[in-house]
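Letters A, B, C and D mark the chains as written, and numbering starts fresh at 1 in each.
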Amino acid sequence: MKEVMVRPERCMGCRSCEIACAVEHSESKDLFAAVMEKPTPQKRIYVEYVPEYNAAIPMTCRHCEEAPCTTVCPTKALKQDEITRVVTHNSDLCIGCWTCSMVCNYGVIGRQKEARVAVKCNLCPNRDIPACVEACPTNALVFIEVKKLAGVKRTEAALKLARGMQGKAL
Amino acid sequence: MPKAVYADLSRCIACHACELACERENENSRISLQVVRDLAAVPVSCRQCETPLCAVVCPGEALNYGDSGLEYDSEKCTGCRLCVLACPFGTAELRAGVMERCDLCQGKETPACVATCPAGALFCAEAESIGGNIRARRAERIKKALASPASAGRRVNR
Amino acid sequence: MEEKNPQPTICPYCSLGCGFYLKLEAGKAAGIRYMPEHPVNEGSLCPKGNTVLEVLNHPDRLKYPLKKTETGWERIEWEEALDLAAAKLKGSLEEYGPDSLAFLGSAKCSNEENYIFQKIARLLGTNNVDNCARLCHASTLTGLGKTLGTGAMTNPISDLACSECIFVIGSNFAENHPAVSRRVLEAKEKGAFVIVADPRMTPTSWLADLSLRLVPGTDVALLNGMMHVIVSEGLVDREFARERTKGFAELENVLQRYDPETVSRITGIPSAEIIKAARAYARAGTAAIVYSMGITQHISGTDNVTACADLALICGHIGKKGAGILPLRGQNNVQGACDMGALSEFFPGYGKVGDPEAAGRMQALWGAKKLPESPGLTATEIVGAAGKGKIKTLYVMGEDLVNSHPDSSRVKQALENLDFLVVQDIFMNDTAEYADLVLPAASFAEKEGSFTSTERRVQWLEPALMPPGEARADLEILFRLAEKLGLDFPYRDAGEVLEEISAAVPAYGGIAKERLKKDFGLIWPCPDAGHTGTPVLHTDSFMTPDGLARLVPVEHRSPAETPGPDYPFLLTTGRTVLHYNAGSMSRRCKSLLKREAELYVEIHPADARTMEIREGNKLVLESRRGSTKATARLTERVSPGVLFLPFHFPGTNVLTADALDREAKIPEFKVSACRIRRG
Amino acid sequence: MTQNAQDRSIDPATRIMLKQAEKEGIETAWDRYEKQQPQCSFGQLGICCRNCNMGPCRIDPFGEGADKGVCGATADIIVARNLLRTIAAGAAAHSDHARDAVLTFKKMSEGKAGSYCIKDEAKLIALASEYGIPVEDRSREEIASELARALLEEFGKQEGPIRFTQRAPEARLKLWAELGIEPRGIDREIVECMHRTHMGVDNDATHILLHGLRTSLSDGWGGSMIATDVQDVLFGTPEPKKTTVNLGVLTRDKVNVIVHGHEPILSEMIVEAAEAPELLALAKEKGAEGINVAGICCTGNETLMRHGTPIAGTFLQQELAVITGAVEAMVVDVQCVMPALGALTGCYHTKFISTSPKADFPGTVRMEFHEENACETAKEIVRTAVENFPNRDPGKVRIPEEKQECMVGFSVEAILKALGGTPAPLIDAITGGAVKGIGAVVGCNNVKVKHNYGHVNLVKELIKNNVLVVTTGCNAIACAEAGLLMPEAAAQAGDGLKGICEALGIPPVLHMGSCVDISRILVLASAVAKTLGVDISDLPAAGAAPEWMSEKAVSIGAYVVSSGVYTVLGTVPQVLGSAAVAGLLTEGLNGVVGASFAVEPDPFKAADLMLAHIEEKRKALGLEP
């Protein structure tokens, strides 16, 4: 399955993904209307600033192969699709115990203030490409299969290698 | 929003200090440490759920979820134990007809279990802040890993 | 007694010296308040620390002097008790000579008490004075003494937070010194690499980035193997080795034989992991070695410690913030008891017995005519000598040797063999059962005095409570006993004793009661009143005569006893988080006992399966020395073929052997051969 | 996901050229817009601030992150400050254009600009009278000279109000005075905008916005109005005439010269130069039948209004004109000229000629223009174009056939003339209900809206509902391309309006000029209001900018609303990050200046909003619904 892969070296910290995410998960799905909505639409991707490196990294649900959040959820509000591996959250079942938040290794389970339930990435089921990926101006976020990403990286590495060899030949 | 005691399971060393601190403060320990297959330890205490099932099932309206979190009125409690049955974490107990659960050591700045934790694994926080802390740490790790592939702290030749 | 509520105090359990406050109500300890400002524990407290109230308020506390009679224990007056003790000591001295006397000091008592205790012994003419450090870290004194010049932790615990690599060998600090975990985790947060070498998987191993499960008793091989890799890969800090050490060539010679493959065969650790560990340790900018009784309690204990020191020295990982050797010691004042000379071969301040100059200094200070010249018997030897009838009168202050010494049956025999046994303690322990006279002592919260923690931090303890009944502070008891013995001691209180200590022990030269009461004490060496203490040792030179550290090659030796056809299991012993040492305090805490009630034995599920043992079965464990019963606990924490027993319950040390390290005379608690059957 | 030509424009000529561009692999603004996706949400909401180097700062619109900039500025403050700077830039553009016109006028009066003369003496006299300049027994040059100085003073003076504000109805003037937003010197207001938005000056959103209104008034009733009137004096006040528009005006057999930008000062001369016999002869020599001058944007509108010079297209058609491969010279002055033209003209034989001392672009042939030798420069430019004709690759030429006839030139004077010299017939039509009201539809093109879709549909809806539409700028060109500027378009109007148009022989949509000529609409509205004895805000009138994009449009919007005209915007301004500012603009201003903004991208719904507003005003005036 495809997943949202992050290429941190490309992230400019513009937070476009965050806003696109919030808009996609709003009632209206429209930026200008979404900013006026109550309850406030909430993002599920977080651009984390790393002061030590003066860099930003977008963090979003990894849809782990063995997602700890689904294991600990006492009400099965969090469930993982056996085939697609997508971890979804059913807010009707959520009791707001935040055990998922506690065990999430990436800290990407948020809280919806008004409903007091968890919010997390659902890979935008109504879209071909998740909103955050589409919003990323530098392709720091890509929606791709892990295998393919490795392929892309190999190609990039090969290119560098080839350049290096040419440079040497010259 | 209400706070709760959370654990960073990667730090817990299964020392049981939380239990004993709680027991000293509250007579009976309201936090319990479970060691799972000798691989990890998990302190379990009331999760301070925001849609608490114990309150949902309470027939006598002794348990209510209000602005300040779960409220318990022992006067109205009939001791029916439905709350104990409903609690998905097994952290509600009925002792002498009174429901007992972690109340974050009311009146104390920090719950005793959190204050005593030698490994700093327990923390008392609002749910919203947990993710942020974990994210910040994780992001730093990722960046660090990418920044220097030889992260073993290569010896500068001295 | 100063009126403070809550009253700051120091935890009486392990050697970390954690601070907390006692909340008092009507002269009783009623609660605990944490002390976030304390530099060691930062407000945290382990489970045992959390239950000290149960110890302080326990109904079993000894309240009156007791004399053993035909009909049992008889309460007597203090005057009578001390007269009796003094008379017995003098009688034995007169009849059999000074070496028929023996004194076991206590790593749980204050510096002042141990100082006076050994002074009494030595003024009576014997060096037969020792303390339980013999059983846990004697090899640290010998091993680090000969390499670095002093047998103490080189860096404070908080330094671990600045280490880039932490190599933990033979220490389960997560259970035994829990507050150390917070520093290790702090280092990990900054990216430190943590290596844990332990035959068992423990909560400490959970914190490891690399966990090495070695066969018990193969530590020297592992350490030599790592050094082999470091030397052969050129990771040695050459400048450090050249400028600050001696003996590299000899060490290099010996190390040649310890290639990773050979070491792998001995230790059972894959060679790749040995190499990985060696590289991680050597390449780190700052690296620390943390060890504990897994290193010391072997017949090769001194060698193990020496190898640790060699490893740190060739990598230059010593004498800097974050780089050093950190032996985590056992009791709350084990460092102090040794500093005070409650050791058979050392005077206060580690002047060697037999060194005329050291003896001369003490004679001058004490105004004594002549001090005994030959080293006395060590704690383990005292038991042996008692068994043989050579020791007639034994004075035990705050220790339960029945449960803490190896081969309990032999210890009991020896105790029975004594003419007279005095036990001074807060509880009636198993050793006291054999005593002729039991003296009720005050607990930590009921007396004043200084305590030296594992990181050499000397802290002052203020009394918070009155002792129960007629129990008295150990120091007070010793003062009065000395008086009865005709010794003329000028002191009135602990502060005055400390004044003499600062004259006797150079490292304590600047330590005084008033200074200790501020800022959580001082870290020795603190040679003069203006000195602010020395958190990191060996920064510029080592404490050897020429200031250079010695690299001492050591060879792997097999443990004294290895499993064989009759005794197929390797038994190792250690501690658990919920109890403490011989258990005289922790086994009196209901809340701890509720969680860990009885002796258990850890056995690998595969072994259990072949022997049809199930969880909770009662097992009988037998060694060449005796047998004991324990409940089976099936766990992969131990490797197949290995059994683990905690030593907090009576019975464990029935099995252990008293094979001793040649130099440190520490018993090999960590390895003995054993067999099991269903009980 | 690339849009096809159908999605990009409603105009057939444009669609043809877009397909051509695609075929040739030529990039246009639409393609670049797609590459800009996603556009920054913070920018769209106006909540990023780069006014100081502690920043850039931005506010989390969803309230989870930062709610203040480093200095403590909230979303409200940041949005308001950004908006004020936008207004300042827009006002500056119009007013600086006006300054140049006045300077030319002054040089002319001093005899230093030989090529120029006074074309509308009546207007000169009228303006002089407005300024109280004696006209009796003075030469036209003397009067002009004094008027020029008086007009120049409007820029630099420190105390107001600007003279032309007096053209507004009494009630409006009083309101401005009460609010303290009477514009003082034009330059002063703009400078003050920059000062106020500097770090740590004006930090109250309402207070900031009030100055925005004042600045915009210095544009509408100052800069823009001066530009219009001075240009009328110099080049003649427009009168109705017929001409053609759209890319089809370019010719295969003639030398095509495009004038693009906003100032008529040079283009007037180029139109003349194109008729110079020696250049026509040269053209013949080079194998061309003649010289064809066509306009784009407001330079085009200026020559269109006065000379009937055809227009090749709107703002978004500037690149497409080049892509026809038939343009010998693209002559530009200032404003709305895409820098993309540089690279684009490089793909063709087209010479990209920049003429303004203020505006240069990559890839241009620089032929700087000065009034002293305007005629010579113009001729030189045309000569360059003619000489470039042989370089045209006939194989690359693709001119769409689409062109549309239109009637243009409705200055206020022309409208009044058409009405028989007084606004009375129009007012009667309005009070009688045949005409419901007046709709002013103006503005640019914007790739965010399908090209001309907003313009044409909104206007069609209005006339269908008997609203007489006045138009300027690119909306006018769009309407022309759609055939709405023909008297025959009355057929698409409601019965009432249709009757009036047929009676007067005018189209239902009146082209009033370039974007500075929105000042003509203000004058017209004032005239109507004064006749009715009410304020502008009481009129059954509404404005719209369905496809606006430039900062000038923001300034225009602000002065139109401050003048009392309800205005519907078709693209979303960068202010929605502040509920307070957005609320003030869409609601709050009603209570301040009697009019407000609305945002409605759908032209049909926008028309509904305008119609409802007109109905409401009619009701308030006691007119029949």
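Assume a residue touches a chain if its C-beta (ideal position, glycine included) is under 8 Å from a C-beta of that chain, and two chains touch if they have at least 3 such contacts.
Not measured: the values here are computed from a predicted model.
Chain centre most remote from that of subunit D: C (centre = mean of CA atoms). Centroid to centroid, with C-alpha atoms defining each point, subunit C and subunit D lie 91 Å apart. Averaged Cα coordinates give subunit B a centre that lies 65 Å from the centre of subunit D. Taking each chain's centre as the mean of its C-alpha atoms, subunit A lies 27 Å from subunit B.
Rounded to a whole number, the gap between the C-alpha centres of subunit A and subunit C is 52 angstrom. Each of residues 137, 144 in subunit B touches at least two other chains.
The full set of touching chain pairs reads A-B, A-D, B-C. The touching residues of subunit B, when paired with subunit C in their complex, are 11, 13-17, 19-21, 23-24, 38-41, 112, 115-120, 137, 144, 151-156, 158. Only residues 8-9, 46, 48-50, 52-53, 55, 57, 59, 74-75, 94-99, 101-111, 113, 116-117 of subunit A touch subunit B when the two sit together in their complex.
Residues of subunit A that touch subunit D in their complex: 14-16, 18-20, 22-23, 31-32, 34-36, 40-43, 134-137.
The part of subunit C that touches subunit B in the complex is made up of residues 31-32, 34, 36, 41, 43-47, 49-51, 53, 164-165, 174-175, 178-179, 181-182, 185, 189, 191, 193, 201, 203-204, 206-207, 235, 237, 239-240, 279-280, 282-285, 316, 577-578, 591-592, 595, 635-637. Taken in their complex, subunit B has these residues touching subunit A: 1, 4, 6-9, 47-53, 88-89, 127-128, 130-140, 142-144, 146-147.
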